[in-house]
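To keep things simple, chains are lettered A, B, C and D as they appear, and every chain counts its residues starting from 1.
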């Protein structure tokens, strides 16, 4: 809030303090590392998106005519692996979280800046291996690596892909470790737990999952690798090994990973909704409790991916029950966001449009979660397009919307420039429409019984597949737009104030962009989070 | 009524009706809740839009509301859970006396063996109005037996049996899909389930030429492989008497008790020394790799048929005639 | 800095007890206790692990309560992994 | 927490710029290490879960496999690791007291114990290899339930292999720390790296404390080596 007389361009900040490749590649500044991550994951987002487009084009007709069956299998496998492990999981934590958490808690940096940089290098190492996998023929295990298919029957680059994901797993672990310690030990004086922004809470919950879940994924993939390379027989049915053991270990992480892909998004949306309703979040304490509850309960539900896999009837009952328990805190969050709008002063900025989109799509995704958690229905719809639609509503409709919303919300802070608001709103609208057109038909396809991962399909499924492909092309345009105008705005965008939204939170009390050490003086916090009653509204026309 | 809804899948089993009922219930429930939430969001967004002279009113929250919207959804979720679990419980509990079809899945085809002896590939004929139980195993990767019109799905695993059952209600031809990704031609691993009226089904059964019932094939194998040298029906052999074994609990050497189900019999043929019944020596050689999955199915069908008092199917009766039933099984 | 520094003697006593416990666990495997063999072995192993964690790793002397929370969380999650996956295997044979 | 006043913090060359006090820095470092160890618990936990499930299913085969472990080498190796933990603890103590030469010496002995452990493990591995007890086409086992015994050996190699890898990493870390300790990088005020490597080393020791009875001591009927 201290708009000094010096023009922003000339104020020293983290972007103009040093120049040159070296100053970026050897930086320990969490903000610069966030930007390194931003570039890396954007790259993978478009690779994964390209695979998705090819998949949708192939599915335009029932016959397998655009690509070979093996190629198609590689496309959906690598789409899944790239999007999940190289985009969605790092998206909000490693980019926005990295950039914002230290600032939001009034610290100069994360607790372990060098480990933060190391985590990016580990990510790059894994990325290199993944690119090697893609360029040298790809992999067709499905992103789930189910044994014994992956260990015995495929001849593609399974080990390289597993290693790539094993390695990026350590990058998540280090990020999570860093966040946990930072949030515990680096908070500014006066910033108690009950004063933390929900974005910080959400990333804290995510970090718990990173730290406790990722190692189990790492070991299960490592065992797949050992089984392929050294013929160890951990999952080999010929030796009495149980393929379901792999699924148990895999989903022990990969189900909580779904919450990794949504919790930070919930954090982002909480910030945006509060800011553009100009209100303290409704039920702050319950919101904070809910994210922790989701992270903890999320570990008790993994076998709901395996209801038809041959697990015991009784285990299925237990896991289904827990799945409904984890739905409760998710419902609480939706109700609280809605209640926050009540008697607010709501402005329809681009981030807010994304937040609306998030709440809508997440509600749909969550509601369909109730369908698939019901044992009887899950038997019918699991491994069909119903599941595809369900998790895309959560992960794309939810997380990507939140990620884009967050990028727009904090773009002035990150770049010091405003994005073009008109284009922003247009893109948000296109993405919302394109998304629904792509994925809503897939719910119907799934209930009709179209299995997932099908290269060719029965003709009665075609109409809905055509709709879905049409939606995907709209969605593609929607995703290209923000990238283009963000790039444009870095040079031509209007210069941003320190606090263009009149938002609460420590990150808006420092300059835009912040200096390398974030604050000239560590603030002492004497107020609650979202103290919008104490903040001046920014005049409507200036937004 | 649902038949007239566009894109609603065909319903051809007793399970399908149950699943649809819960599905429709959830559609209505979630539809209402979604509508309510979306309406509230839209109404709030318009009514409380930012404008001159309007300021946000700070509301801390409300414990009463929070508990309400924790408790009520919690209860509703519990009801859905119970309903879903009830359906699942039935799906996983095959009725007594079902016709049995042994299934071997492999990349990328379905092989079926009817108890009556008919064999089919990628096509399965079943009658209307009869419980049919699928006893399935895979020769390679994991596959999944999925018939959308029946609303059933069950993964088919290598190394053991998994089972599924259905009761077809409407004649017609329905899709069979492999629902678990299994390699290159996963999408080609499809087939037809042909549901026939009982009379036509009988005609189809008898039209297939002279095929021996599966249990009879198994019996032949039983003696060819030399099993009968040790497994005597009088209990005097070196191996346990197998008559009446099926479905009974077996006390093992290590003190545990197991039910002699299909998986137990299969395991004992493949890894004989792993689950030795109390009082027997680990002398039986393994047959893993020596008998194919189809032969294994025949052996299991034969051993199951031993000592069944009430023959439930054609195969059972013909075998029971050959093998007189003995009163007390030695293994219990 | 006010680290607690344990005495040399403490460490040596702990080490000696660890060696004794190792001998005990090795010896116990010669006893025929049925399924209590594994229980005894795990109890001894846990005692040893506790000694190492509390004294050698200094958990006993750490003033931060958070360390305890972290350790307990780790063990609790391990328990979740073991127990919940075991529920599947134990109950598979139930009729 | 960071509520101690920054004014009190005396400038220390070892205090990184983003921390306010040495105490905050140390707290963060200790907590970070413990969080990391929790990830290690879960990493090994995956294998322990598999071990437990198969042991439950194929107990006889597990007993059979365990009888082909080398009881004496296994027991000796347990003792070796425990000794290394002692010298590690004494090394950390020496660094707390600021005695850098003594620290380096204890760390060096720790390395020697670590190498000894790996050497003995190597002897065992060699024996199993020669006896065709490495899973795969080479595996050959005449006793009952050969396939499930092969499964046991898969776990043996995977679990001890990952453990040995951790010991190896530990040795490298201890060597690094020993070198810097000798050069005088640590003192009574700042020895977080020494403590953290110590924690890591003890953790690896604890893993072995469990691996030893689970793999070597399943049955009382030992074939002594």
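Note that a residue touches a chain if its C-beta (ideal position, glycine included) is under 8 Å from a C-beta of that chain, and two chains touch if they have at least 3 such contacts.
In this text the structure is predicted, and so the values were computed from the model without any measurement.
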Identify the chain whose mean C-alpha position lies nearest to the mean of all protein C-alpha atoms shown. A
Weigh A-C against A-B on C-beta contact pairs and write down the one with more. A-B
Starting from the mean Cα coordinates of chain B and chain C, work out the distance between those two points in Å. 42
Whole-Å separation of chain centres (CA-atom averages), chain A against chain B: 37
Length of the line joining the C-alpha centres of chain C and chain D, rounded to whole Å: 14
Residue numbers in chain C touching 2 or more other chains? 66, 73-74, 77, 81, 85, 89-90
For chain B, residues contacting two or more additional chains: 271, 274, 288
Would you give the residues of chain A that are in contact with at least 2 other chains, written as numbers and ranges? 184, 212, 216, 238, 240, 242, 244-245, 248-249, 252, 313
Taking the complex as given, what residues does chain D use to touch chain C? 22-23, 26-27, 30-31, 34-35, 37-38, 41-42, 45-46, 48-49, 52-53, 56-57, 71, 75, 78-79, 82-83, 85-86, 88-90, 93, 96-97, 188-189, 195, 198-199, 202-203, 205-206, 209-210, 212-214, 217-220, 222
Provide the residue numbers of chain B that touch chain D in the complex, in ascending order. 254, 271, 273-274, 282, 288
What does chain D use to touch chain B in their complex? 58-61, 144-145, 147-148
In the complex, chain B touches chain A at residues 7-9, 18-19, 22-23, 26, 30, 33-34, 37-38, 40-41, 44-45, 48-51, 54-62, 65-66, 69-70, 73-74, 77-78, 80-81, 83-89, 91-92, 107, 140-142, 144, 146, 148-149, 151-155, 157-160, 162, 175, 177-188, 190, 271, 274, 288
Chain B partner, complex, touching residues on chain A are 64, 69-70, 73, 140, 142, 146, 148-149, 152-154, 237-238, 240, 242-244, 277-280, 282-286, 307-310, 313, 316-317, 320-321, 324-325, 327-328, 331-332, 334-336, 338-339, 341-348, 356, 359-360, 363-364, 367-368, 370-371, 373-380, 382-384, 444, 447-449, 451-458, 464, 532-533, 537, 540
